[in-house]
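Each of the next two complexes has chain A plus one more chain, namely chain B in the first and chain C in the second.
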Partner chain A sequence: MTSFLPGRRTLLFFGSLLFALYVLAPIAWLVSSSFQSEAEITSVPPHWVPEQPTLENFAAIFQFSEEVVTYENRKQGDTATGGFIPSTAVNLLPSMKNSFIVALAVVVLNLLVSVPAAYALAKIRFIGRTSSIYFMLSTRVIPDIALVVPFFLFVQKLGLMDNLWALIITYLAITVPFSIFILTGYFESLPDELDKAARVDGCSRLQTLVLVYLPLALPSLVAVVLFTFLTSWNEFLLALMFTQTPASQTMPIVVASFTSDFNISFSFINAAGVMAIVPPVIIAIMFERYIVSGLTAGAVKG
Partner chain B sequence: MARIKFEAVGKKYPNGFAALENLNLDIADKEFLVLLGPSGCGKSTTLNMIAGLEDVTDGNLMFDDAVMNTVPSHKRDVAMVFQSYALYPHKSVYENIAFGLRMRKYPKDEIDRRVRDAARRLEIEPLLERRPDQLSGGQRQRVALGRAMVRQPQVFLMDEPLSNLDAALRISMRAEIKQLHQAMQTTFVYVTHDQAEALTLADRIVVMRGGVVQQIGVPDEIYERPRNMFVASFLGNPPINFIEGKLVDLGSGMAVERGGLRVALPPEAALKVQGQSGRDVVLGLRAEDVVEDPSPVADATLSGRVAAVLPVGSDQFLEMEVEGSKLFLRLGKECRYREGDNASLTINANRLHLFDKQSTQSLLWA
Partner chain C sequence: MTWCPEAADPAASGPVRKTLEMQDIKRPQRRWFVRPSSAYDQRSAMLFLAPMMLVLSVVAVFPVLYSFWISLHDLKLTRPHRVPFVWFDNYVKLFTDPLFWESVGRTASFTVMSVLAIMVIATLMSLLLNENFRGRRVLSAILLIPWAIPYVANGLMWKWIYDSGYGALNGLLMQMGLIDKYVVMLGDTAKTMPLITNAFVWKEVPLATILLLVTLKSIRADLYSAAKVDGANVLQRFVHITLPQLVPGFALVMIYESMMAIRHFDLFFILTEGGPADASHVVAWQVYVETFRKLAFGTGSALAYIMAVATFVLAYFVIRSTSRKL
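The block that comes next holds the complex of A and B.
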């Protein structure tokens, strides 16, 4: 490989810088504007660093006060004065709790199902093995919107409308095939003879899986956990269909509801946005080094 | 007690492929049995069936008269050493060796005693805290041996354990395995494709090919009295030389003739093929069964052109062209033949092998 000319390297550097700015700028604005009042947001030129930082948006999220707009304080219901808070603001924290519960449940149940399935598909030669894998993957070819009506009927018949379980079950249906695919690929890359050695050493199949293969499959497990968590956390369409009251609404629904009021408070929405991205970012940072190795390790075998 | 018996055992996969057909084998207690054959002959399948890693699809596998077909691996008292060692990468050497004992719920001090004992015997005590990826191939092999040893099993299974080692280490490990067998007084079943290994280690050898047993016997018998051409050619280094010809009746006895070459058969052999003049046969001649004799013997001489001379330190190999066949023969260092010479060598007729050309079966030994 020829060495980089100085010009080429500078070009690469500035190109990367531009790209990084392109990706990070919206997030920077998100964070910055969440600390600004509504009046300051609309100023031209935009203030990247808040000149009058305020915590009123976050205060509104964390304090469950329901402001009743009366004739006396109607001016406060006006976005231009900078004091407008959507009526559904009070639902944000409960919805994040719901999102968290659903995501955690989906991750745990996903692992409980996918790990034994992947082990069986990777290490046990049974009739119908290859067709099982392809069949499962083929279920993901169908777009989610086509599944909404069947899922709806399913959920309704089970009496689970407006219940977190409706979301947990449907999210499992969406995420399990891909989890099994990633894990099977990774298990296949682990030597068969380890399985044999463990069984001769006295492990039953389950013990072999838990004591020998799981510790070795950590990167792919992390990839599965991340993928499942993020899918559940961000999922909008099915949550919209199956949740009706704040009791079961998840975070994407509530954040979207902030824009359906008569007035829009962008600073507040951005504050809610900051709250929404914090958990995934924390998890991603925690598991950063596992992400790439986990996703690509199984992929080479395919 | 660990007698293993295969009764008409077969192994057929769902796609129809038969890895093993009608295996009948009796392994005595404390015996060192070697399963020998080329890749794909079914020897590893047989071993895996003893371990319980493969299901028996036909027949019965018995340990001491108890049918074991449906008994899972972890309930059988066998230990196994694999070709690639199969050490647990995330465990230390100590934990690797102790794992089998932990799974079987041995008391902690017993585990410690056995592990350290085995480590001392195998000279890997300083390595106990290391991980497998920090060990050399030979060291890993010893850990794998240790893991099997501490279990003190009824049957010790080994699946080509020396294949991944370099030549010098392989030879020294062979001796160690033999000593281990003496010390442990247990049944050993050993799989290999290396005929020298089989001849060195075995009490008895089972030669297999394509899922079918070719011959079972002590090493001497397999080498001296092979039952068919495959067994004859598989054992012996360099491989046996085959010369195709026809039987002729000399009046005074039988001989094999090919073009200008005529080799008389010794009396006992001639008796077995009496009156079958004209039959297509194959003569088997091992490389070491010729001598350079100044006075040629009638009907026991190989004459031909020397195509190549290959010295190997202690001996010389001659590649000779006789009646269109290329033969590999071994002579002493003092042999003076050069490439291109016309050589005359005397055959030791008592050590000839004779096979039917069609069936490849030996005509001398049933």
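The block that comes next holds the complex of A and C.
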């Protein structure tokens, strides 16, 4: 859409500035707070830019401190001077590892399940095609809260409580419908003639999928990987239910536990928040171009 | 066709149902019963769909049915050995409870406020991103950040900003001269819901923007050129071309975000835990309280089912509007 409104460039500039500010200001404050010591962070009015930047919060995350702060010795230090870390701080890095394992497993399994299904739904005419689509979409209608109780009892009976596999299977069920949705849309925008040409050349359906369509569907595959990874990484409610011990807790649970700890150390919480957002933000920025293109396939006309 | 020597000889004409397949590209299939091209196609499609069906049946269908079964019992984990079957007693108790209706009201107002805010901001942003200007890629990369961060991190971030003792919002207002000293933010029942709404909207705007951007990009560029030739100015082009074609996008975003707002839980857990004097006690929070704090699984399931039905009604319209693309 081209328009020659006078001052269009200034309008765009101020609009971009406004939106960039809206998006970045809270994040910038989070990052700035994480570099401030406890004493500085509790100053009134707040220091927008840290005057004495310190890395002690991040150091607290990375060191496996033997001096665990327990309920008994919590009053040894002064909250204002800091040096305190929540009692569950040592769990942060292992929980990030758990989150990463779960997310990776979910991505791989998701691709294995969704890609053939999306290809079949997009390219093959078969009985039950429309009903499969409706069935698949309707599984995501139920809010996650409604799944909490039966999952809890089910997983407990199976003895899978505290096992990462319970999370992996659950996240798989959550992300598969959306992945199939994206992939089907993209596959439908690829020409049918390729399919028929491959079949005439003697390919089986599986070969057609792997050799012909998969290489062409790369943008939407990246978008699916991205969505799936981020959903698994960020999911909170189901992880809250299925993980009781620190051995299997994922990152959102541990980060949330810092706020309900008996030690509220704001600088540490902010540093943990920064650690929590760094992986997803990096991945999202790296693959930003695929998100829009993966969703717009087939919709671009003219 | 009979003039072609190849067509007269079936062995040389390739796949058997050539005529039908040539037609089906133009004719969209809307019948419930779709005749498969061949038995091989039917088998291979079933095979390709099998893993998905397996996963979804076990993890999505079974819990739904089981959860309904539980909601018909009075299951309290505090006395797990006596589980009387109470028919729809749980539902009746909920519908006659005034606290339930209050929480429904809160959920509704939260949904309406956040969806309105999301629509306005996302529309403006997507219009901006639709233009071509230097730095647009940077802006759209920045835009994705709120979407990428975990809900938990979002909650923590806003909790810190809204802090009554040391928060940035307080500091900003004081430095701008709007208040004299720090005020209570999340603990003030009048301010709780707007603040939570703001945190929710901030996180949801990127996805809404992308959905609207997708719709915007599908508007044909030559419509604008034709309108310019006809002498339409910017405002007229916007009102008569852009807005009508954005309506399906609006509908999709509105319904999707309503679904997300109704079922949203994470922010209420992190920020207010049901709120000062129940100010932020929404239905999703009530489900959590019933299930995990009171350990009354029967009531919790019933409540969750009511939520499910409400979201299903909304989702029906999503499926209707998006299935045209499928």
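In this section, the second predicted complex is superposed on the first by the 270 of 302 C-alpha atoms of A that agree within 3 Å, B and C clash if a C-alpha of one lies under 4 Å from a C-alpha of the other, contacts with A are read in each partner's own complex, and residues count from 1 in each chain.
We adopt the following convention: contacts are C-beta pairs under 8 Å (C-beta built on N, C-alpha and C of every residue); 3 or more make two chains touch, one makes a residue touch a chain.
No experiment lies behind these values; they were computed from the predicted model shown.
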item: First (chain B), second (chain C), both or neither touched by A:Ser248; value: neither
item: Chain B versus chain C as contact partner of A:Ile127, first or second or both or neither; value: both
item: Comparing the two partners chain B and chain C, which touches a greater set of residues in chain A; value: C
item: Contacts of A:Ser37 with chain B and chain C, given as first, second, both or neither; value: neither
item: Chain B versus chain C as contact partner of A:Asp201, first or second or both or neither; value: first
item: First (chain B), second (chain C), both or neither touched by A:Val212; value: first
item: Touched partner set for A:Thr231, first chain B, second chain C, both or neither; value: neither
item: Overlap of chain C and chain B interfaces on chain A (superposed complexes); value: 125, 127, 196, 199-200, 204
item: Residue numbers on chain A that touch chain B, as the complex places them; value: 125, 127, 191, 193-194, 196-204, 207, 212, 215-216
item: For the chain A and chain C complex, residues of the former touching the latter; value: 1-3, 5, 9, 12, 15-16, 19-20, 22-24, 26-27, 29-30, 33, 41-46, 112-114, 116-117, 119-121, 124-151, 153-154, 169-170, 172-173, 176-177, 180, 184-185, 188, 192, 196, 199-200, 204-206, 209, 230, 233-234, 236-237, 251-252, 255-256, 258-259, 266, 269-270, 272-273, 276-277, 280-281, 283-285, 288-289, 291-292, 295-296, 298-302
item: Residues of chain C touching chain A in the complex; value: 14-15, 21, 24-25, 29, 32-37, 40-42, 44-49, 51-53, 55-56, 58-64, 66-67, 70, 121, 124-125, 128, 130-131, 133, 135, 137, 139-153, 155-161, 163, 165-168, 171, 174-175, 182, 202, 206, 210-211, 213-215, 217-218, 220-222, 224, 234, 237, 242, 262-263, 265-266, 269-270, 284, 287-288, 291, 297, 300-301, 304-305, 307-308, 311-312, 315, 319, 323, 325-326
item: Residue numbers on chain B that touch chain A, as the complex places them; value: 14, 48, 51-53, 72-74, 78-80, 82-84, 86-90, 99-100, 103-104, 147, 151, 157
